[in-house]
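First the structure, in the form of structure tokens, and then the observations on it.
Chains: A, B, C, D, E and F, in written order; residue numbering restarts at 1 for each.
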Amino acid sequence: MRPNSVKNRFLSGQPITNGWLSIPSSYAAEVVASQGFDAVTVDLQHGMMDFETAMAMLQAISITSATPMVRCTSMDAPQIMRLLDAGAYGIICPSIDTPELARAFVDACRYPPVGKRSFGPARGLLYGGPDYFEHANDHTLALAMIESKQAISELEAILDTPGLDGIYIGPNDLALSMGCKPGSETEGVVGDAIAQILRAARRRNLLCGIFCASAALARQRLDEGFHLVTPGNDANILGSSCKSRIAETLSESETTHQADITGY
Amino acid sequence: MRPNSVKNRFLSGQPITNGWLSIPSSYAAEVVASQGFDAVTVDLQHGMMDFETAMAMLQAISITSATPMVRCTSMDAPQIMRLLDAGAYGIICPSIDTPELARAFVDACRYPPVGKRSFGPARGLLYGGPDYFEHANDHTLALAMIESKQAISELEAILDTPGLDGIYIGPNDLALSMGCKPGSETEGVVGDAIAQILRAARRRNLLCGIFCASAALARQRLDEGFHLVTPGNDANILGSSCKSRIAETLSESETTHQADITGY
Amino acid sequence: MRPNSVKNRFLSGQPITNGWLSIPSSYAAEVVASQGFDAVTVDLQHGMMDFETAMAMLQAISITSATPMVRCTSMDAPQIMRLLDAGAYGIICPSIDTPELARAFVDACRYPPVGKRSFGPARGLLYGGPDYFEHANDHTLALAMIESKQAISELEAILDTPGLDGIYIGPNDLALSMGCKPGSETEGVVGDAIAQILRAARRRNLLCGIFCASAALARQRLDEGFHLVTPGNDANILGSSCKSRIAETLSESETTHQADITGY
Amino acid sequence: MRPNSVKNRFLSGQPITNGWLSIPSSYAAEVVASQGFDAVTVDLQHGMMDFETAMAMLQAISITSATPMVRCTSMDAPQIMRLLDAGAYGIICPSIDTPELARAFVDACRYPPVGKRSFGPARGLLYGGPDYFEHANDHTLALAMIESKQAISELEAILDTPGLDGIYIGPNDLALSMGCKPGSETEGVVGDAIAQILRAARRRNLLCGIFCASAALARQRLDEGFHLVTPGNDANILGSSCKSRIAETLSESETTHQADITGY
Amino acid sequence: MRPNSVKNRFLSGQPITNGWLSIPSSYAAEVVASQGFDAVTVDLQHGMMDFETAMAMLQAISITSATPMVRCTSMDAPQIMRLLDAGAYGIICPSIDTPELARAFVDACRYPPVGKRSFGPARGLLYGGPDYFEHANDHTLALAMIESKQAISELEAILDTPGLDGIYIGPNDLALSMGCKPGSETEGVVGDAIAQILRAARRRNLLCGIFCASAALARQRLDEGFHLVTPGNDANILGSSCKSRIAETLSESETTHQADITGY
Amino acid sequence: MRPNSVKNRFLSGQPITNGWLSIPSSYAAEVVASQGFDAVTVDLQHGMMDFETAMAMLQAISITSATPMVRCTSMDAPQIMRLLDAGAYGIICPSIDTPELARAFVDACRYPPVGKRSFGPARGLLYGGPDYFEHANDHTLALAMIESKQAISELEAILDTPGLDGIYIGPNDLALSMGCKPGSETEGVVGDAIAQILRAARRRNLLCGIFCASAALARQRLDEGFHLVTPGNDANILGSSCKSRIAETLSESETTHQADITGY
């Protein structure tokens, strides 16, 4: 079976940069996945695509060296199984707020006897190889989102879930759940909570990932000990870059001496 | 009929920034069109979409204040008529190399007796309003791409085509046709040719547009007297911004030694 | 944030006409939304579209002055959050049969601390504006479908749910649940139940909406005190209008004197 | 091979009602095709769909007893061949203005040695049956649009084209080409031209079809001797019917004062 | 209402061959459905399509004499209702492990007062006919998948569920749940379990279906008393047939004397 | 730039097996491309997909080791350029009947100064690599279809076209053009013509490809000296394999009397 390079980078201590896709397009997915990310995640929770387009986007990522991952919409076992069948090598699952949810999440990601995944590997066979079934349980990452006060109150039990590969922090939902505003993740109670989650997860050798609003923050998170960072999503990057280009295009410059063209 | 703000900006001497779409997605289109561009062009020539998606992208642009335009694949009259039916307020047509092509292009964009556009306005009615047919000939821009040695050799005759609203320069194809490399547009024979086209078009009060590889170049082009500039396309902007984010995420920084997390 | 005109019409006592979309097409959506409806609802429960097409249809509605709304497939919190992210300004949720469901429904529609909506506004930001997050809880309508005997038995508690903006009656499911046939909504026990729901909801100043099989019934419902009425859905309107056109085309008429063309 | 019921109705002197599809949706197509039309035409010229959706719409029509037809975008042989491969049983081709175009059109519709259609029947085999190739030339209708002054000036030669099955009049383009306005088709020079075309085509036993803005006009056209009439297109029918429903919903009625509900 | 030929074949003791679709394409669906299968099932659990494409695939199947069926992703009542609205005449539901799930499954498939299906038949009306609502409960098949140890432990109670039309065995998931490997279904404990399920279901005159890895196994299953067999899925058939063609193309043959072409 | 393995196999004398895609699905494309073909061709002429789906199918092929190729609908330069932009590494162009068409075809495939391809490599850059522009002219195959009597009459001049990489024979269209039936390609005048084309092409060291109705014929063609063979298309392979499975499932067998299950 094709190895999971994200898992291997984690095991060998290399940082993992993760692209994030909300635009429903396999072309945009390939554009992003070709830039050097170690992983690229199709976001079904806040992205604008359905499963079928997500599958095509996983295909696009599969052309590149980036590992194809998905954020599912919720802890929805049939959906998670379909995404794995479609070739996802990692699932980031929102709102794993309890040990029971964590257990159900891992079960959805693993074939029996370890879990309860239904057999029918489909694209998994094509991307992973003919021995996909034998090794899928080992190569497919189950990353639980820790993003609520409730999750923090049950953090140790959640993280002790057998088979869980790692965690992924959603800083904005975590902030909201703690009575703070989105964007307040680098200090105060939210900052403390993130540090607490990171420590607890690292203690268990779990892969620790986090969404970041900027590359600067992503770099800082790597420095803090996170293994996987997502420096923004495609729509925000595209939009803000366009806005910058417009501003730069229209900006006055001292060197704008138009005299040489008045002769037209 | 809803006025064409690009035309109005041109008439009132205001610069026009133009977004450029190659990603086949109405969501990406709305993201780009919401950033402040005066016009947004769906590129069917080098973009990855078909007509049906282009129509949905024109819808997305129509939500915003940007004027929806299209670059067609070639001087293909039935295609141009369909794109106008789909609500495009401007057509940028590749390779208008002869006065005959220029005439055929204008004919495709105008209802009789001025031109030969077929009746069936479809989305044009929805976007333009119930009096679309009466005013479409006045409000729809026909912009001819000047991008070859042949076009330059017949430049005056092409630009004299009655009904032509303006020109749009494709610097890379122009360079290739002159035996130069893509990207060689700011100096030498290509630079001279662009200056010549601009002068000839401005002399006739034609709208002058050009594709630019960067915002800096777009600003320069405005300074040179171009009315409409396209500071890059969506896929390139998205890709290069992602690449920058990865580099910034992984860059070393002096402040990287954060004693407070070494305890993990 | 862009105001919710449906909410404003409700607050100012103006009737609200609502279009209903089951055809999976952004073009059909724009055709319907351009006719003067105050709101247009994409129906994911009995309509033939998925989320991704629904998003494109919300874009199409956004071009017009109609307020974009959605009927979700069921009380499915992750789905509802995605539809709000896609720019829906109102959610009509089927089968709110208990106060618990009503509470969960409102929670899905509101950001913390009021509810549990996850952060990631996506198209909401584009349609609503950059201050979307600050005001979304106020501008997004949560309308609970009351359409079963069970719901009526818990009506007062359901309607007392804090944050619920209004109700929407599904007359046919209500009839079925009461042992009656579809179409039996204007009299008998179903008619009585509808009147009871309307009274209870109006007493609390809740917005009252209802699906109607015809414009005549819609007019009657406005007369009865409903604030929002849906005079049929797109597929039924299209189908029945086509059938009428065929019948009229083929009908005999006294004035059909064919003598003048017998010379062909 | 499955017989062509439109051809058979024509041969037996029965009127043919034709639905017209511009909405890119196989569901809308099935809704329309289920209402009793004898034929349903997917309009690629002024409709909003591409080939692939057109194919799905031809599938939808194939479920019903209506004969699946297509209007192509123009006299474009490769496109026409693809549409026949996709299962169209009739092609309506715009702007057959010369005998040469008529000949090329027939060639595109027929396998050698009669014409030049390329072999690769695809869906034709599924819809038509395994003997499709042997009989396709006989069962597939080639209908030339006569819609310009030029076409009228060469009318006899166009209509004499061997293998042409019939004509279809586009009244609005004909009017425009004659210096008149859309909608001026029932009188004056346009009315005379239509009568002339009809007479010339009937004299040769060609199938005569025409687009009509309303059912009343369609009925009149049947009375005049047309064999096939199209009483409006889907988008217009849907839009105008919605507008009527809104008006009826909001209209004042004498019975509006309903004392029994004023107590709400 | 259009009769359900699968049900009729079952009642008259005729074997039922069932095609299985995982490729998201209405064209592929029509290709498969045209080969003579009595039923064709769109597989949403392990197939790569969403609801909207599934609807188009049901349309494609509806062109042929095969009965359109669906395997849903899970016991998800809103999804099942949508698929029935889209014209499915049979639902195969995964993992009916308890009598409660069986009851909920039947409820989702039946209109009140028998079940809880919501009213809004959509494509059901087009495919089934105008009296769809009156007869849908009788003509729509509810087939429960028995595919786990837990289901076997409650087999009698599950099979006693009123309104259940039949069962469908998923041999691979059954094997996994019993600690065996996929493909171990013809002997040992899995073989015994399948025989036990078949006996229990036949005793109640339930329709018995099963997925088979090959035609040989399908034939054996018919011999064993199964009523409906699925001899492989589309992707596997396509892939393995391509592989065979490549092997045959490249195979050495004794008759390959190339001397006669060396003169080229 | 990523090398073109088809070209390399040709240069090193290895046989090339080519898959053929008519089903519009990126999943089906990956299924086919994963079976070991050296090349896989998306067929836009007789296949059921548009450009946008073709692009996604090229992505799917790009995941595998097969070289992505396309058959365009006709000698349509803008279309060919778009397909190259979408990442096709080879174009098979129908009906190259004259040296002029051959020259235009090569021009469409090559950047200046060799040809006239427009600059805008899009997906080509992603699949080929950042130096795509520099090497695309060398790595992209232009294969002209020889499939008519006219082409044979100008065969030598067509094959002498500078820059042409090879030919591809369409045996059925060739047969039709010679007054024969489809399927008559292995003997008589059609067989002779194919042998003549092969000889003339091999003499010039052109890559020689041909479509084959079966693997047996493909093997024979390799023996005859063809370099690239297409052993059937996806839809035919899928359909015929399904038909075989049904037949085998329903066939009588001597072992059918299984006493042990008569007790059910």
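Note that in this section a contact is a pair of C-beta atoms (placed from the backbone, for glycine too) under 8 Å apart; a residue touches a chain by one contact, two chains touch by 3 or more.
Only a predicted model underlies this, so the values are computations on that prediction, with no experimental measurement involved.
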item	value
Set of chains adjacent to subunit A and to subunit F	B, E
Between D-E and E-F, the pair joined by more C-beta contacts	E-F
Subunit A-subunit E separation of Cα centroids, rounded to whole Å	35
Subunit C and subunit F, separation of their C-alpha mean positions in angstrom	50
For subunit F, residues that touch 2 or more chains besides their own	22, 24, 27, 31, 34, 48, 50, 52, 55, 123, 235
Category of the chain touch graph - line, ring, star, complete, other	other
Subunit F to subunit E touching residues, read off their complex	15, 17, 19, 22-25, 27-28, 31-32, 34-37, 48, 198-199, 202-203, 214-216, 218-219, 222-225, 229, 231-232, 234-235, 237-239, 241-246, 248-251, 253, 255-256, 258, 261, 263-264
Subunit B-facing residues of subunit F, complex	50-52, 55, 77-79, 81-82, 85-86, 111-113, 118-123, 133
Touching residues on subunit E, where the partner in the complex is subunit D	26-27, 30-31, 34, 55-56, 59-60, 62-63, 123, 126-127
Contacting residues of subunit B [partner subunit F, same complex]	22, 24, 45-50, 52-53, 73-74, 76, 94-95, 170, 172-173, 176-177, 179, 182, 235
